[in-house]
Structure formats: C-alpha cells, structure tokens
Amino acid sequence: MLSPKIKYLLYLADNALILGHRNSEWCGHGPILEQDIAVTNISLDLVGQARNFYQYAASEIGNNTTEDSLAYLRDVREFKNCLITELPNGDWGQTILRQFFFSTYQYFLYTALKDCNDEQLAAIAEKSLKEVTYHVRWSSEWVIRLGDGTAESHQRMLTALDNLWNYTGEMLIPSAYEKEINEALAIKGADSLAEKWNRKIKEVLEEATLPVPQSAWSQQGGKEGMHTEHLGYILAEMQFLQRAYPGVEW
Amino acid sequence: MEKDFEKIFQDKIDREVRIEPRDWMPEKYRQTLIRQISQHAHSEIVGMLPEGNWITRAPNLRRKAILLAKVQDEAGHGLYLYSAAETLGISRDEMYHQLHTGKAKYSSIFNYPTLSWADMGAIGWLVDGAAIMNQVPLCRTSFGPYARAMVRVCKEESFHQRQGFEILLTLSRGNEAQKKMAQDSIDRWWWPSIMMFGPKDDESPNTQLSMKWKIKRFTNDELRQKFVDVCAEQIKILGLTIPDPELKWNEERGHYDFGPINWDEFWQVVQGNGPCNKERLEARRKAWDDGAWVREAASAYAAKRKNDTTEAAA
Amino acid sequence: MLSPKIKYLLYLADNALILGHRNSEWCGHGPILEQDIAVTNISLDLVGQARNFYQYAASEIGNNTTEDSLAYLRDVREFKNCLITELPNGDWGQTILRQFFFSTYQYFLYTALKDCNDEQLAAIAEKSLKEVTYHVRWSSEWVIRLGDGTAESHQRMLTALDNLWNYTGEMLIPSAYEKEINEALAIKGADSLAEKWNRKIKEVLEEATLPVPQSAWSQQGGKEGMHTEHLGYILAEMQFLQRAYPGVEW
Amino acid sequence: MEKDFEKIFQDKIDREVRIEPRDWMPEKYRQTLIRQISQHAHSEIVGMLPEGNWITRAPNLRRKAILLAKVQDEAGHGLYLYSAAETLGISRDEMYHQLHTGKAKYSSIFNYPTLSWADMGAIGWLVDGAAIMNQVPLCRTSFGPYARAMVRVCKEESFHQRQGFEILLTLSRGNEAQKKMAQDSIDRWWWPSIMMFGPKDDESPNTQLSMKWKIKRFTNDELRQKFVDVCAEQIKILGLTIPDPELKWNEERGHYDFGPINWDEFWQVVQGNGPCNKERLEARRKAWDDGAWVREAASAYAAKRKNDTTEAAA
C-alpha cells in the first residue's frame, strides 16, 4: 500500500503527464503556428512538472524507483489522474476549455501548496505556479475569444462545455489521500479551492458570453484509478518502448 | 535606370553589404529568395511531422521533453523564416496556400517515415547535420532578414544535432536490439540526407546566379563533400557503419570518396512519390482546414474589440 | 537470418493478421448490422489464417517460438506485411475496396499455393481459399454497389481508389524470398498472378462504373520490413498486454 | 367483442399456447413486448462496444479469435431480436431511432468501462451469467418469435459465459498481477451485475402484468437470488472474492444472504449519468450517421437493378 503522500505526489504527477500527453498530440497540427507553439509549450511545462513530482515520489518510494518506472511501468488502474485530463482532445475549442478548467484548478492548488510545510513540494509548486499562471492567462483569453468570436465558435464552445462540464467536479472533490495530505502538510486554502475555482470560471465564461452549466453531477474515479476507456490506449502508446525493450538506457 | 539600380545592387553584394527589404533588388532576386525562404520555412513546418510522430512514444520523460522542445523549436524556425519571407512582399497565408496546393516544395527528406526511436537520433545527426551544413553559410547570405533569421536557426540546430548524435551514441552503447535499431536507422537516413544538398552542380541550373548574388556561397557538391567528410569521422565514435561500401578516404583529394547517389529515387520523391508525400501534405492541409473556424473566430473577436476601443475613444 | 521459407510464412501470416486487425476496428461500428457481422467475420477468418501460418512458421523456427511470440514480440521492422494492409481504414468504401484488392490477390495466391509441393502450406492454402472466395465475392459486390450507387458513393470510391491504388503494386511485385519460394516449392502460376489480378480488378471496376487507374508507381517496402508510420501504432496497441505482462498464460 | 378476444388470449396464455404475430393480442401486451425485445436487442448492440474495446488488444491470438467471434455473436443476437420485434409491427430503423434519441433504453451494465483484459472474463462470467439467468425462462415466454429467438441466444450465451469464466480461471492461476487484475475486475462488475435484474419486486410495477401474460416467469428478486447462489459457489473455484462482506449462506432460507444494493447508483446510470452512457450512445449514433451514405448507395443500387430486371422482363 502506498502512503497518502506518495499517492498524492503520483496524483499531481499523473495529472500533469496525461494532460501534457494530450496537448502534445497537437504538436504540428495546431490551427495557427503561434498557437501550435503555445500548446506545445504548455505540454512541455506539464511534462516538466510531472518529472518533478515523479522524482520526488520516486525518492520517497526508494527501491530503485525512478521517474520513468513510475511513468512507464504502471498500468491503468494505478494511474491517479483526473478523468478530464485523459479525454480525447476534441477540437481546438475543447482542448482550450479543458486547459482553462484544469490550469485554473492547478493555479489555486499550487498557490495553496507553495505554502505547505513540505519544503520540496512547496518548492515544486512555487516553480510550477509561474508556468500555470501563464497557462491560465493563455487559455482564458482563448476561451473568451472563441466564446465571443463567431456564431460557429460560440456553438463549438457550447458543445465543449457540454462535453467537459461533468468532468470538472472531480478535480474539486478531495479523495481520502488528499484530505489526509491537506491536514498533514497544513495546506491552507484547500477547502476553499472549489469556491475560488467556481468564481474564476464564472467570471471568464461570462466574459466569453457562455453560460455557466448548472449540472451538479460529476464523473469521478480517476483519483482512485477508475478511469475511462481512453487511458489504456494512451498508455499502450506512451509505454511501448519501455515495455518492448525493458531495462535499457535511452 | 534599371541598369543603374542593378549595378548598385550588384556592387553592394560584391562589397558584402546586406540587402534590406526596402532596397531596390532585381525581381528575379526577390523571387528566388521568396522561393528559397518559403521552401525553407515549409520544411521546418512539415519537418515537425516525422518527429512529432514519436513525441507520444518517447522512451523516457527526459527524451520526451527534449523532443517536444526540439519540435517546438522547428515551429519557431518556421516563424522566423515566414517573417523573413514576408519582408519580400508575400503573406504567410499565400505561402501556406502554395504549400497546400503543391506549388511550393519542402525538403524531400521529410517524405520518409520515422519507423523507430533511433530515427530521432538519425534525423538529428544526419538531417539536422546536413541542414546546418547548408545553413551556416546562409548566415552570411546577402539578404539581411534571411541572414539574421539563419543566425538564430543555426544556433538551435547545432544543439539539435548534438542531441541527435547523443541518442545514437546511447543506442550504440546499449544492447544488441538497440545497436541494430541505430544501425538500421542510419541505413535508412544516410542516402536521403546526402540527397538533401540537391542535384549535382552540373544539373543545378540556379546555382550560378545564386552564387553571383551571394544567396548561396558554396555549391551543392562542395557542401555535400564537406558533410560526408564530417560524418565519415563521426561514425567511428558510434562504432556503426555508413551504408556505402565505396566510402573511403582519398589521400590525394584530401576528402572521402563516396558511392553513386540514386538520383532516380531523389526525383521520384521530389515529384510526389515518396513514402509519405501524400500524408505530410494531408496532415498540413487538415491542420489548416480544421483550424479555419479558430482563425475566423480570432479575427472576429479582434474586430469587435477594436470597435469597442474605437467607440470608447469616440 | 531467417530462411526464405520462414520469411515467406511470416509474410503470409503478417498480411492476414494486420488486415484482420484493421477490419476488427469496424466491429461494433459498421454502417449496417449485417455488414458489421460480415466484416467481423472476415477479420475472424484472417486471424485464423494468420494463426495457421504463424504456427507453421513457429514449428519451422523451433526454439520455443509460438504463434504468439511471432505476433506479439516482433517490432515494426520485422513485420513483412504489405503496406496496404496497415493503412487506416478510411471510410467504409475504402475498407471495402482494400478488401477487394487484397482478397483478390489472396485468392490467386492461395489458388497457386494449394498445389505447391509443401504439403502443409498447400493444406492451409486450400482451407483458406474457401474463406477468401467468399471475401472476394462479398467485397466485389460491395465495390459494385458503391461504385454504381449514388453520386456520393461513386465519388467516395474514386477517392478510395486514389488513396489505395499506389499501394496495390507491392502485392504483385515479388520480393527475393518470394521468388526463391516460388521456385523451391514449385508454385505454378505465381508469375501470372499480376495478370490475373489485373483482369479481375478491371472486370469489377468496370461493372462498378469506376475507372482503372493508370498510375504505374508503387509504394513498396512492407515485404522487407519498411513500413508506413501506421504500423508502429497498431503494434503498440496490439502487443500491449504481452509486452506489459511478459511470459504469462492468458 | 374486445372482451372475448382478451379472454381467448389469456386462455391461450394460461394453457401455455404460444402467441404468434398474426394472433390478436392486447395493445399493452404488444407495446410491452416491443419495449422489452427492442431494449434487449439494443443491449446486444451496445454491448458490443465495451468488449469490442479489447479486440485489438487481446493478449494472444486464440483469445483474439474467441473475442471476435463472441462480439460477432452479439451482433447476431441483435439481428434475431430486431427481427422478432419487427413481427410486432415496428421497423428496425424505428427502433434505432428510439435508441439514438434516448427514448429506448439498453442494459445499464454497458455504461461501465472495460479497464482491463480481465473485464472480458468478468463480463462473460457475471454479465452474461446474469443475462442467461434472465433469458432462460424467456425461452418459454408467451410470444412465439421472442421465445424462439431466445432459444438460439441462450445456447450461445452459455458458451460465452464458460469462456468468460475460463479467462478468469486462467488469470486466477497466473502471477500476482494477473490475480489482482481478475479480482479487481470482479470487484468492479459484481454490483452492476446484481443490478441487472432490475429494481426490487416491490418497486417493479410492470412485473405483475408481465407475469400474468407469461412474458416473465420469475420476479426480479427471484432471479437475482438464484444468480447470487450460483456465483457464490463458482467463486470458490476461482479462489477469488465476491466484494460483499455480507454474502453468507443462510441455512434456514437455503440461499445466500447478500448486502444492500446501491440503488442510487443504479438510478444514476439509468438516467444517463453512468461512466460511459454518453460515449456509448455517441458511438452508436456515429456508426449510424457515418453509414448513411452506404445505406443510401445500397438502396439506390438495388432500385437500379430492380428496374433493370423489370425492363428485361417487360
């Protein structure tokens, strides 16, 4: 059994890796060259964050665990990322909206973590927060631009909202290990995350002339390893080389 | 009058003074540069695809981050180059249009598939290596914006080349499967890389004019020889083989001799019959078409905001 | 180095497996329930043929080689299937047209093989020929139906022709190991394969009111392990479990 | 008059005479059957998706072939059942339309995701097991075409169930990771399978009428108890655990007791909030929409051929 702290670190890492993976699928296929660069950059930031969290988790686990054994040698049921991160990209609007939802969550989460009483975790959070601040700005500007752009872009954003909204609750509902860690590491503000998130989302959606959905139902499970059918395909692809050529240097 | 301008122009060139966008230039000089710079920009953009193909499958997180950064750099190079071409009076959209309709070319090398992780190494070492060999002299090319773009590009490319070589080096020191993977990759990429320098000098009609205008400073064959000489040495560090039985040091010439190039294959690929021509173009067209609504929305939004500002100011 | 016979058996097996894999992606997603069943059935036949060829190859190779080690533990460069089998399915028209092209090839090939002087190979070919005869009938009927159906279906078939035609030549151009085997096993009619294939294709395309493309250029390489970028993704997915959980019974 | 028909009808039912499509039947009987048979057919079709998800990833060729054949069988069951429903005066397209618009339901179990290979085992053992428990009595249901379709379905289903059990058995005898995979799968599928029998008898208003008309022959709770009793024995062969701490043999009742069912979850999934409701429906709608041009072409072609034949005959 993994300790709550290790679970928590894996949760942070898996979120960043899987969302980074999805964003990286855009690389070379973006709608505008500058935005291709931007989304790849976010992907790169997220992979970097994942590495920091995995490295920390690996050092806590010991036994020759490495960032790569954690990323490449666990199967679906061991991954703890939120479901929203593993959903297919959909169109550019859906990718953007997911990024906005998730980056806003990361923003408030890392803001709380940077003052926690675990020095290393606080340091990673603080470093990541700079990146995430930009992700929030970039994605919120795009949400507004597309929501308040043309009739087509508005309609597409409504569809994206419909596809994603039920997956947003999971971020904000703490799992058992999150609750334990919030207490153990004295993470202040963890209990007001949902409120802050909702306020920011409301503000941006309104500026984007998009409605704030009222549905209260949340898809959940990712935090405990109960995923969608998409994650298996992500891992089959991502892990192929490590699985096919085990135990070598790359 | 035109004659005078042309004389002043050539005089500047000869004195190594940079031509800038507002300077007078022969129409043919402008057209040659547009063709060359946009082709170069397209190569960066299309070149993202074969490597992008391995981002999701990179074998560890460090390599994944490096590869992401590399492909992102290529997009950045595309940006610099499109901007340089724009100073000559063509828009980026026009250049895209030429790419999508097949009017503009891009480097044929990107019409080969990436079939293994080792290809990330071979592309870095050989393809970026050949590119650098072509590009370093372009840092001193006669058109200012192009030369300045190339300075930035070259700095990053040489970094990419080292990373590629390091991928191969790691594989060459790995287990048998990895060594085989590395050798196979070099076997597949060697000849296409050699072809990147273009046709032989006596079959390259544009070379002379480009040299006179100092767009080019070395001929295709000169650069190719230089590249072969460098690679023939570097392969020794890898302990692998260059797939050319005729590759041999020629004491007399002070260069490596190498075997005949399959120009048939070269022209087939240029004419659209490479393994991936169709897919590469389709991928680019799809990105463009799928992105139309995004670009339209961005313009529409910008226009609204502009109106708001104007109204507020009024 | 593999013997020409083993290469040849792997060639036959890989073709069947990879085309079977692609067809199986339709299962549950076909345009008409009866046709969903039909394409799945063809997939099943092809996987069955692949198993027979792999089993024979495995017995020739020895060393604990099994049908599964051959299917699941080789990487891209070791697969010998024709490129056409690994191309994405495209729409139903493209899937059908590929099936027609490939089944027609298999039909004439197996017809020749069933009289070769290798008893086991001849037996597998004879057994498979019954299935393939049906595949040819089914796919040719659909090519005709779609070619001579509506304006839209006709147009889609033209696009499919354009996408596939350059990949058909590879089937008909023998590799070194095919030539050796044609001689060694006294395979009669191997040299008239192309002619028979072209005649049949012409006949059906004409009935389908579709033009016979004139392009002579052929994409090649699959037979020697030089594939498209698609095969890597197929294998990552197909081989995941065998790679992730090596050496166990399923 | 109507009263007389109804008496004759009920009389037949009571004497175990099959009702056939041309026989008089109460409208409510017809509607109940259409609803039930089409729901059953939809369940077969939607049920192809969670298992189809593992065809390309089956762990060996033998399992791949078995799984392909199994999912194909389900499509076949769908066909029998749609045909049976059609005898009641509804077309297959109409039934599809009801499915795609959410008017018709399908078994909620297929709204759960398949997350590991072991799920192919658990679905076979538990889901098909529960289905058989429901379906075997339907082989004697009062409506002829439905009863005959069920005979064919049941024969194949019991084959599927054995295959599923065998997958779990192999995993349970495998290494630790495989045992864990099998247990995890049973943990996830047990309760949803138990829910497949529908609401408790006192909350199932249609049961009484269905029993009177011998559409149903056992109540939901009766069948559920039977299923639990069987599984509680079979799990011992697997050496695994059913995830219900209250599962215990009750000597007095001659049955296994079991814990309370989470009916909240049941109703959430029924109402569309299961993990995969949206995806399942979208996959079916997409198949239908993408296939429109194929169906149109097939009709157009058939019409042309018919004209040809007519002309030739004239």
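For reference, chains read A, B, C and D in written order, and residue numbers begin at 1 within each chain.
Convention: a contact is a pair of C-beta atoms (placed from the backbone, for glycine too) under 8 Å apart; a residue touches a chain by one contact, two chains touch by 3 or more.
Because the structure is predicted, anything quoted here is derived from the model rather than measured.
By the touch criterion stated at the start, how many steps lie between subunit A and subunit D on the shortest route?
1
Looking only at C-beta pairs that count as contacts, which pair of chains has more of them, B-C or C-D?
If we tally the contacting C-beta pairs, C-D comes out ahead.
With centres defined as the mean C-alpha position, give me the subunit C-subunit D separation in Å.
Here the centre of subunit D sits 35 Å away from the centre of subunit C.
How far is the middle of subunit B from the middle of subunit D, if each middle is the mean of its Cα atoms, in Å?
Roughly 58 Å, centre to centre.
So what's the Cα centroid distance for subunit A and subunit C, whole Å?
42
Residue numbers in subunit B touching 2 or more other chains?
Residue numbers touching two or more other chains: 57.
Could you list which residues of subunit C touch at least two other chains?
As it turns out, subunit C has residues touching two or more other chains at 75, 232, 236-237, 240.
Using the touch rule from the top, collect the residues of subunit A that touch subunit D in their complex.
Against subunit D, subunit A makes touches at 75-77, 166, 217, 219, 221, 226-229, 232, 236.
Under the stated contact criterion, what part of subunit B meets subunit A in this complex?
These residues of subunit B touch subunit A: 45, 48-49, 52, 55-65, 68-69, 71-72, 75-76, 78-79, 82, 92, 117, 167, 170-171, 173-175, 177-178, 283, 286-288, 290-298, 300-301, 304.
Please output the residues of subunit C touching subunit A within their complex, sorted ascending.
75, 232-233, 235-237, 239-240, 243-244, 246
Can you name the residues of subunit A that touch subunit B in the complex?
Result: residues 17, 21, 24-25, 27-37, 40-41, 43-44, 47-48, 50-51, 54, 67-68, 71-72, 91-93, 144-146, 148-150, 152-153, 156, 234, 237-238, 240-242, 245, 248-250 of subunit A touch subunit B.
Provide the residue numbers of subunit D that touch subunit A in the complex, in ascending order.
Going by the criterion above, the answer is residues 50, 53, 57, 113-116, 184, 188, 268, 273, 275-276, 279.
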